[in-house]
Amino acid sequence: MIETINIMLAGPRGKMGTEALSMIKETEHFNLVGCIDRKHNGNSVQDIDGLPTLDAPIYTDAEEAFDRINADVFIDLTNPDSGYNHTKLALLNHIRPVIGTSGFSEGQLDELRELSTNQQTGIVIAPNFAIGAVLMMRFSQMAAKYFPNVEIIEKHHDQKLDAPSGTAAKTAQLIKEVRGSKRQGHPNEKETLEGARGAEVDGIRIHSVRLPGFIAEQEVIFGQGGQTLTINHHSSNRQSFMSGVKFAVEQVMTIDHFVYGLENLME
Amino acid sequence: MIETINIMLAGPRGKMGTEALSMIKETEHFNLVGCIDRKHNGNSVQDIDGLPTLDAPIYTDAEEAFDRINADVFIDLTNPDSGYNHTKLALLNHIRPVIGTSGFSEGQLDELRELSTNQQTGIVIAPNFAIGAVLMMRFSQMAAKYFPNVEIIEKHHDQKLDAPSGTAAKTAQLIKEVRGSKRQGHPNEKETLEGARGAEVDGIRIHSVRLPGFIAEQEVIFGQGGQTLTINHHSSNRQSFMSGVKFAVEQVMTIDHFVYGLENLME
Amino acid sequence: MIETINIMLAGPRGKMGTEALSMIKETEHFNLVGCIDRKHNGNSVQDIDGLPTLDAPIYTDAEEAFDRINADVFIDLTNPDSGYNHTKLALLNHIRPVIGTSGFSEGQLDELRELSTNQQTGIVIAPNFAIGAVLMMRFSQMAAKYFPNVEIIEKHHDQKLDAPSGTAAKTAQLIKEVRGSKRQGHPNEKETLEGARGAEVDGIRIHSVRLPGFIAEQEVIFGQGGQTLTINHHSSNRQSFMSGVKFAVEQVMTIDHFVYGLENLME
Amino acid sequence: MIETINIMLAGPRGKMGTEALSMIKETEHFNLVGCIDRKHNGNSVQDIDGLPTLDAPIYTDAEEAFDRINADVFIDLTNPDSGYNHTKLALLNHIRPVIGTSGFSEGQLDELRELSTNQQTGIVIAPNFAIGAVLMMRFSQMAAKYFPNVEIIEKHHDQKLDAPSGTAAKTAQLIKEVRGSKRQGHPNEKETLEGARGAEVDGIRIHSVRLPGFIAEQEVIFGQGGQTLTINHHSSNRQSFMSGVKFAVEQVMTIDHFVYGLENLME
């Protein structure tokens, strides 16, 4: 029998928050015991339009929430500012935080690491909850040891403003850590049309496709004499993050220290 | 019963030429009646190291060859200069030419068109014999009427010097003929790393991947709300051209005029 | 200037119907003039929860609707039974029908064809409004003339009950019309695990993937010596049908006869 | 400076053997010191038609070869029978074997393991030298922990007799070790055409495509709510095995025990 995990969540009305409530509701051994929200103090989750029918009290005051609620895990899906304060309160109350943000400063991360150590309370901070994307990056780093020649193609809808995507840049950086900088392609190769060979990060080429009809996709292509190895991650909606949140909640129960990035929870 | 087609070929020892001889040998209704080569005058094809066992005379003098050999079709797989002279001789002798080159000038093409008309002799000049590539370009042009947003990714081995490939540039031009110029992507999109969005031809983005392990591949991606349509051509060796040569030989027998490009032989 | 097209729609509250109302609202030269619905007689579309803010009267009685409303085009997104009756009424009133169903019997289709001829009124019946899927099937049929060896892979979410998909079966049938039946693969090939080589339709192999995370995708793969040609259609939501509905509405205005299938509206 | 590794090779005239000689020639710190062949006793490698210009003696008698030649590593690319005898001789002479075969029996493997231990001599036996394929299988096993729903598509030329491929079956087995048996797809799913859902191995579906134009390709597709993760390996020629042979030669120098499978040499 799996033991029930009691969960407190901040940000229930955000897109990610609502998705997380559905996930909690559908997971037999997860139990929602309370929420922190900017509105609706004193209500139950199920009273709020658009939220799943879960009976758990809402608090607008975070300190009061942590005072009154007895939870095992605290999930924060708000923003870096509120998230930082909530996380400190959770650690002080020995409630294990699972935080989805890439917005904490180095200083904040150091502080939370120290607090986690002092409180002997596990914490997981994940800049990316899409397990598939985390695995794609991990496999890419492993493959680069044996396949030093690599290019990245990422495809997104045409409303995305920046190119390349953050995930592509991060993947290139992880690959570089393993194989170093390396000139790829023919030494005399020539772009007859500027930009054809894509952007370059330490020799790794990144190509950004922007078309209506795409949502979010990345493929990392490794080549060597006679063979190619390709790792592709495709994500079609927010649901893709929930298996990562669920995994982090289960894992944070087994640790008493600070972990940054889902990849560091994987064997 | 299919009638036998008697074929004369120039350039038997080139890579394409040797491949073509094998194709002729394996095609029941094709019959090799002679070759033009820079060497080996008076020999038979089968006497030459590395060529298929076909019994047909070799001539080094083109005029003599056209004088002595009675062929239905003349295949030229040499170079634009020799090819041009051979082609004129073929037309003058009412032998239908099948020529694989993109190297003739506009003036030369005009002259050959006129000669074909005067001689009432069919001729096929094909810059690309890979039927799959020709279909890819044709389908792309058709799709662009309904899917104006499109990007091209082409992947080649890393010994290729120029980017983008000629086929990619040609595809973009064919698409442009149908849909005109068009700004794609978000009006405010921004490259945080230069080149990420690829090369641009009339708004169409082209991305060139160069990695060991690839041979030659192109994919044309069309997107619109909720759907994408992708056409991919992959070629792994020279054999891919032979079905196009065979097709051209069969089709040139049915025409008495000038045709440029395999696509104009397709219904 | 493009002339405004006045449109009447049956089934505004269905998933497709609501999507179509949004499309009409966003298309400058489309104008909604009325709806047929099983409920809400006398209301305006904008009064109904969940529908776009369009001011057009709703009728529950179809005859009354066609009596009172003066439309150019009638879109039916209900079901084959209601759809059949509505379509006849539309033709009798010289309103051009655009009907999205594959559910009409041969007899019904014959009757509608005859009525369209007698009334000299254009009509488009489309079993599939996804233009990308229609093009995929069309290109597949064209490619099969030159690439007789072909297999189909279709990928859907794991809630789909039947395998293969209707689109895959239809594609195989269209290919067969062109190339006939043909044994593919090695004559002595052997399945060491039953089913590995997929389902067979006249020699064409179909493979059905069912996994969570997929929505709807099909790829048609053609191979011959040294090359492959692949046509892939991916659809991620209902929006993908709307460009087809829009296209049909614009085209039906230019014809005065019966057309079955969007492909027959394409040049 | 990298120390030179002296290599002895059995089977120089086989396809893999000749490819390996080229690799040795091109690798600066590899040095060929002798070959075992069924013919050409007393000759030098460079005297044999079709072999690279390497000066190293050929022996037809294996015992004599191991007696006379002082090598660091012994590569066997012959067949299981000869290979087994050669390997024992190599271990007895404290020359580290790198053996590419999947054909040894359990009994033979046990014996070689014991001999390696007794002789304190490293040995690598690899059923698959394609590093990309080994990584694909390894990543698949890792991914299956987080993505239990998975299907495999493998694509080969149409001269291949058996379906599914050995690599596909092996991949399925590796995945099963991690996730166990699991019923996939909808409980009520139905094949309207037999075989559409592919072959089944412990719930994992395998689909085998056989078309001219393909060489060898496999893709392992993992899906869960809102995302898919795909690992694809494509191999176009025998050269793809050589980076694996090279890797094994370098690694065997660093070990003094028995290793089965390249994956067990990877960190």
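Every chain is named by a letter (A, B, C and D) in the order it is written, and numbering of its residues begins at 1.
Here is the rule we go by: a contact is a pair of C-beta atoms (placed from the backbone, for glycine too) under 8 Å apart; a residue touches a chain by one contact, two chains touch by 3 or more.
Heads up on the chains, UniProt names are A, B, C, D = 4-hydroxy-tetrahydrodipicolinate reductase.
A quick note: this is a predicted structure, and the numbers were derived from the prediction, not measured.
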Selected interface, B-C versus A-C, where C-beta contact pairs are more numerous:
B-C
How many Å are there between the centre of chain A and the centre of chain C, using C-alpha atoms for each centre?
39
Distance between chain centroids, defined by C-alpha means - chain A, chain B (Å):
49
How many Å are there between the centre of chain B and the centre of chain C, using C-alpha atoms for each centre?
37
So which stretches of chain A touch two or more other chains?
213, 222, 224-228, 234, 236, 240
Which label fits the chain touch graph of this model best, line, ring, star, complete or other?
complete
Using the touch rule from the top, collect the residues of chain A that touch chain B in their complex.
149-151, 153, 155, 158-164, 169, 184-186, 188-201, 205-214, 221-228
Can you check the complex and tell me which residues of chain D touch chain A?
130-133, 135-136, 138-139, 142-143, 145-147, 222, 224-243, 247, 266-267
Complex contacts: residues of chain B adjacent to chain D
213, 215, 234, 236, 240
